[in-house]
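After the structure tokens below, expect a handful of questions from me.
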Amino acid sequence: MEIGSGINSMDLDLHEGHVIEDLKNSAASALPEPSRWLDEEIERNIITTTVDKLLNWGRKTSLWTETSFTACCTFEFISTSSSRFDIARFGMEVLRSSPRHADLMITAGTLTWKMAPQIKRVYEQMAEPKWVIAMGACGISGGIFADSYAVVPGYNRILPVDVYIPGCPPRPEALLAGIELLRKKIEKRSIAKGN
Amino acid sequence: MVELLLLPASIRSELPFGYWLHLLIFGLGIITLLLTSVIIFIWLERRLVGRFQLRHGPNRAGPFGLLQSVADVIKILTKEDIIPSRADKLVFWMAPVIAFTPVVLMLGVVPVADGALLADLNIGILFVVAISSVTSLGVFMAGWSSYNKYSLLSAMRTVAQLVSYEMPLILSMVGVVILTGSLSLNEMVKAQSIPFILLQPAGFFIFFTASLAEINRTPFDLLEADSELVAGYNIEYSGMKFATFYLTEYCEAIVLSTLTATLFLGGWQGPWLPPMIWLLLKIGLVFCVIVWIRATLPRLRIDQVMNFAWKFLLPLAILNLLLTSLSVIFWPTAPAWASGLINLSMLAVFILVYSKFFKPGGKTVAV
Amino acid sequence: MLSEFSLIALFILIVLGFATSLVLIPVALRKLGIVPSQPSAVKSEPYECGLETTGPTWIQFKIRYYFYALLLISLDITVVFLYPWAVELTSLGPAGLITIFIFLGILAVGYLYAWRKGALEWK
Amino acid sequence: MAVKTEPLFLNLGPVHPSTHGVFRMRALVDGEVITDIEPVFGYLHRGIEKLAESKSYRQFLPLTDRLDYVSSMNNNMAYVMAVEKLAGIEVPQRAEYIRVIMAELQRIIAHLLAIGSFFNDMGTFFTPFFYMFIQKEKITDLFEMVCGQRLLYNYMRFGGVSHDLPPEFIPALTRFLDEMPAEIKKYERLLAENEIVLARSKNVGVLTREMAVNASAAGPVLRASGVDWDIRKVDPYSIYDRFDFDVPTGANGDCYDRYRVRVEELTQSLNIIRQAVNGLPKGKVLNPVPLRFRPPAGEVYSHIEGNKGELGFHVISDGSDKPYRIHVRAPSFINLTALKNMLIGWKLADAIIIFGSIDICLGEVDR
Amino acid sequence: MTVQLEYNRIVEALPQNLASSVIAIEDHGLIIQPERLTDIAAFLKVEPGMELDYLCSITGVDCINYFEIDYLLYSIKLNHRCTLKVRLADKSEPAVPSLAGLWLGAELQEREIFDLLGINFSGHPDMKRIFLWEGFPGHPLRKDYGHGC
């Protein structure tokens, strides 16, 4: 396909291939755990605690999800947001397709190396503060596909993951529990720590 | 606060600094009321959509989930502000302001009770018409300046869609003006001993449909068609600038509900309750209908949207205008039911004729 | 009446100020450290489904969209004349009716011409 | 009028709300009209066919669940049937009936999802989608009763199924069978004759009969183009020759027909389940095969009518306990062959629903 | 019931110049010379009594000594099927004529085989990788690729 200005789709393929190979080479091991700050003791004063409380309440109550669903777990996510489990109760039914508006990335499904640059890019383009839930075995470690030549063994190779939810796929109840954990984690944020 | 708002416009001349007091009360009153109602209406919409989809909707934040929108505001206020490096920065910054301002301005000429409005312009409705099209400029600026292909497409759709529906919107209001004989919105409300929706059902139909398109609600929500354009014109906006657009959208919905209530549903008029409560109730009713439509209907395609505006609504609006003016001149004593019936039958006949030419589907374009 | 217009003019200023402050509050909050800011090169690039954007975005776009804007300009201005007429219709009587029918007739000719020429079809 | 315009290069996907996962299309658009398109695959390529070669026959079974993850039962069934054919394993009668019940329930789930997401692509705000999900959840509960999983069941075994039906299953299933026809009727009333649905999907994305056959389309896509080809009828497998059902076909091969065919197949599936429940014999449900199971060397191609079309497993054995090669004839993948021809010349909004009406599952496309 | 076409019948029906390119008749298919694949397929597609107008599935197999490609053909009208097989002894640069000109349905499946097995289909309109990315080393479905990553 001719794209114009002298580029055709083969050029794009080659370029994207390079991006994938570069990422694959740089993501040989998992990223460091992002949650070390959870245990840190910090000095707080009355203003920061009040502001923190308000901000954290706002942030945990209104988690908008980015629609970046890759595979099977998507259906359990949709089940969770559908009428029976109704994630909207927590104000989370707002699905934003643009990463600029989203707070939470639920990585529902297997990640392949071909998809990894895109997911990484979407994550990087999300506005701060942002969180990642690795949903399902594939999201944690590659799961049943961990041996495959094309599968990234876990999202934590390319993204800092906040909460892991095991299961293949996790039940909606498990997903809700995971979201509850994330909300607890958000409560521990403080502007005094610069986040 | 409410009592102050209901003070007759004459306080201006009676009190010292009455003029400034009036500006302050109404200026701030409109903004506060609008923002509060946006927060409540967003909650209302989410709850209602929830009920339409047989689920609960937000119910955890505060009583009945009422604080959900407050949480959204807090979160979005403290979200990172991203300025795309390749965007046209000045336009990018200005767009939300330009989109938001005119929407609020429109409320300046809407009465909340007899004579209680910010400025009783003798050209009130013309002011509304003039100012309402500015929002589309802001939206276009946002879409274009973001340097994003989806938002560009959305911006282009703005040019075509929002502009096209101006025509039927304006024409449908002429019928109301003929019946009232004034351009002031306050006079229009006072003229409605019988709500104009009963005298001008066709006019109401045109006005309501066109305003759905103006506020880009389903089935005309092409500007931010999630399934096609990812998020639409505001795709690159984050934080408060995005929130401003979000706010604009809901303000527009509320303002057009207000206009519908004022022009066709008798505005603040109503027995027993205070006028302002009546107006709010009517606004709420219209807004609920908008939400109902949103939860029910799919989206039209761009050519269908255009055809609907230019080939259906526009001729219908002109026909409505002619018929109304004829009946005002030649049968001024017509009882209300008769003129309403004439208007309604015209609508029915027009729809029947149009449906003969209506071909579902589409065709490819040779490339 | 002028005071009414001055009220509107002042109201425009108030609303403009409010809208500008909406956009500027986060800037102030960022200085206070409440709004996070971690800019990066990738973050400020346009979002295109997770891919780098290829080819220019600001191109010569299809004219079709602007067509309607042109049509609107030709028709919309004339429609505004209907408002003063509508206010005075009852006092003008049948004579006013005939004038406006001629006026609308001219308008209709232009509209039908545009229709016949296919300006209303989306191609 | 010759005004020079440039085409806009647009990436639709892989992170896009309506590409049903991670599908990607590179599109050149001229305004709204798509002038050229190139589908890009592989964003969910997990190498299932390669993994099969390093797993034993039994270990491969869970991987088939994850092919088309909304029709795990059918995938299980196709695979175990292929291996049974290869090794000549007998299946007890009761197990055959249970398999048919499960496969048809799964078909209902898959079609409900296809219909729901089709309307989502058309722009309804999730309402039909969630209505479909309410029914889907009922079936999920049934599946959970028999195997404990909600999505990826891994229920079938070589020589039968893993567990017998629990005693509460048949009453629950009967209740579902009684409720479902009324629900389908309700959806029909809401959706089938909606003017916007007709306007958006009739004559849109026409796939002619010749093109459908030539492009190896299968399943509802093929049948909507007027080809009466359903593996359950033309090459009855398992015990489908004992049931009485119709094969609905379309006339035009447009999006609307594809949607209609799916809706009518819902009723047919219910029919089959009802007959299977009535004829369900007693007895054992599994003829166990040895743990280290070695089918004889040879090759076999076995196919079933999957939810998206002909689902075939080409299994080649070299006599060891691991399959030498397993190839999946993936209907979702092959149905996409004609995509390019179906999309060029249509508008962006059409492209989304044409793509949606093909109904693919990325897990199966990329494998 | 979709009947299996008897391969002897096919061979008899083939014209002389095509019949000579049939290498062998096996249980699972008709093994033919790769060079004549397009001609035989085109003949079977339209020949009355055969009318194999539906290309169901293409499977590529690495059989250690050679590559084998199986084409499964159906006749929608007559409801029968047959399998054509070609074997490619040249493992370094395997190539076979493409059927994409006859059946659109071959297009993606041939690309898949090119990607995963490295068999080139000459005459294919867009022969490039489909599932894996440009720059991916090797072809995973080959037996010498090894397992896993």
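For clarity, chains are labelled A, B, C, D and E in written order, and residue numbers in each chain start from 1.
Criterion: contacts are C-beta pairs under 8 Å (C-beta built on N, C-alpha and C of every residue); 3 or more make two chains touch, one makes a residue touch a chain.
Quick caveat: nothing in here was measured; it's all calculated off a predicted structure.
Novice: Identify the chains adjacent to both chain C and chain D in the sense defined at the top.
Specialist: Shared contacts of chain C and chain D: A, B.
Novice: Going only through chains that touch each other, how many steps at minimum separate chain C from chain E?
Specialist: Shortest path length, in steps: 2.
Novice: What chains, if any, are shared contacts of chain D and chain E?
Specialist: Correct list: A.
Novice: For the chain pair with the highest number of C-beta contact pairs, give its two chain identifiers.
Specialist: Chains B-C share more contact pairs than any other pair.
Novice: Please compute the C-alpha centroid of chain A, do the same for chain B, then give the distance between them in whole Å.
Specialist: Each chain's C-alpha centroid was found; their separation is 37 Å.
Novice: Rounded to the nearest whole Å, what is the centre-to-centre distance of chain B and chain D, using the mean of the C-alpha atoms as each centre?
Specialist: Roughly 43 Å separates the two chain centres.
Novice: Determine the centre-to-centre distance between chain A and chain D, using the mean Cα coordinates as centres, and give it in whole Å.
Specialist: Result: the chain centres lie 29 Å from each other.
Novice: Using Cα averages as centroids, what's the distance between chain B and chain E in whole Å?
Specialist: That gives a centre separation of 61 Å.
Novice: By the touch rule stated above, which residues of chain D touch at least two different other chains?
Specialist: Where chain D meets two or more other chains at a single residue, that happens at 6, 8-10, 14-17, 30-32, 36, 42, 45, 47, 50, 54, 130, 134, 366.
Novice: Which chain E residues sit where two or more other chains touch them?
Specialist: 129, 131-133, 140, 145, 147-148
Novice: Multi-chain contacts only, two chains or more: what residues does chain C have there?
Specialist: If we look for residues of chain C contacting two or more partner chains, we find 34, 36-38, 43, 45, 47-51, 53-57, 61-62, 64-65, 122.
Novice: Between which chains does touch occur?
Specialist: Per the contact definition above, the touching pairs are A-B, A-C, A-D, A-E, B-C, B-D, C-D, D-E.
Novice: What does chain E use to touch chain A in their complex?
Specialist: Contacts found on chain E: 128-129, 131-136, 140, 145, 147-149.
Novice: Could you please specify the touching residues of chain A with respect to chain C in the complex?
Specialist: Residues in contact with chain C: 3-5, 7, 12, 16, 51, 55, 68, 98-100, 117-119, 121-122, 124-125, 128-129, 191, 194-195.
Novice: Mind pulling up the chain A residues that touch chain D in the complex?
Specialist: Of all residues in chain A, those touching chain D are 1-4, 9, 12, 67-72, 74-76, 78-79, 82-84, 95, 97, 109-110, 112, 114-115, 118-119, 122, 144-145, 147-151, 168-169, 171.
Novice: Could you pull out which chain D residues touch chain A in their complex?
Specialist: 6-7, 9, 14-17, 21-22, 26, 28, 36-38, 42-48, 50-51, 54, 62-63, 66, 69-70, 113, 129-130, 133-134, 136-137, 140, 150-152, 362-363, 366
Novice: Taking the touch rule as given, give the residues of chain D at its contact with chain B in the complex, in rising order.
Specialist: Answer in residue numbers: 8-10, 16-18, 29-36, 119-127, 130-131, 134, 194-204, 254, 256, 344-350, 352.
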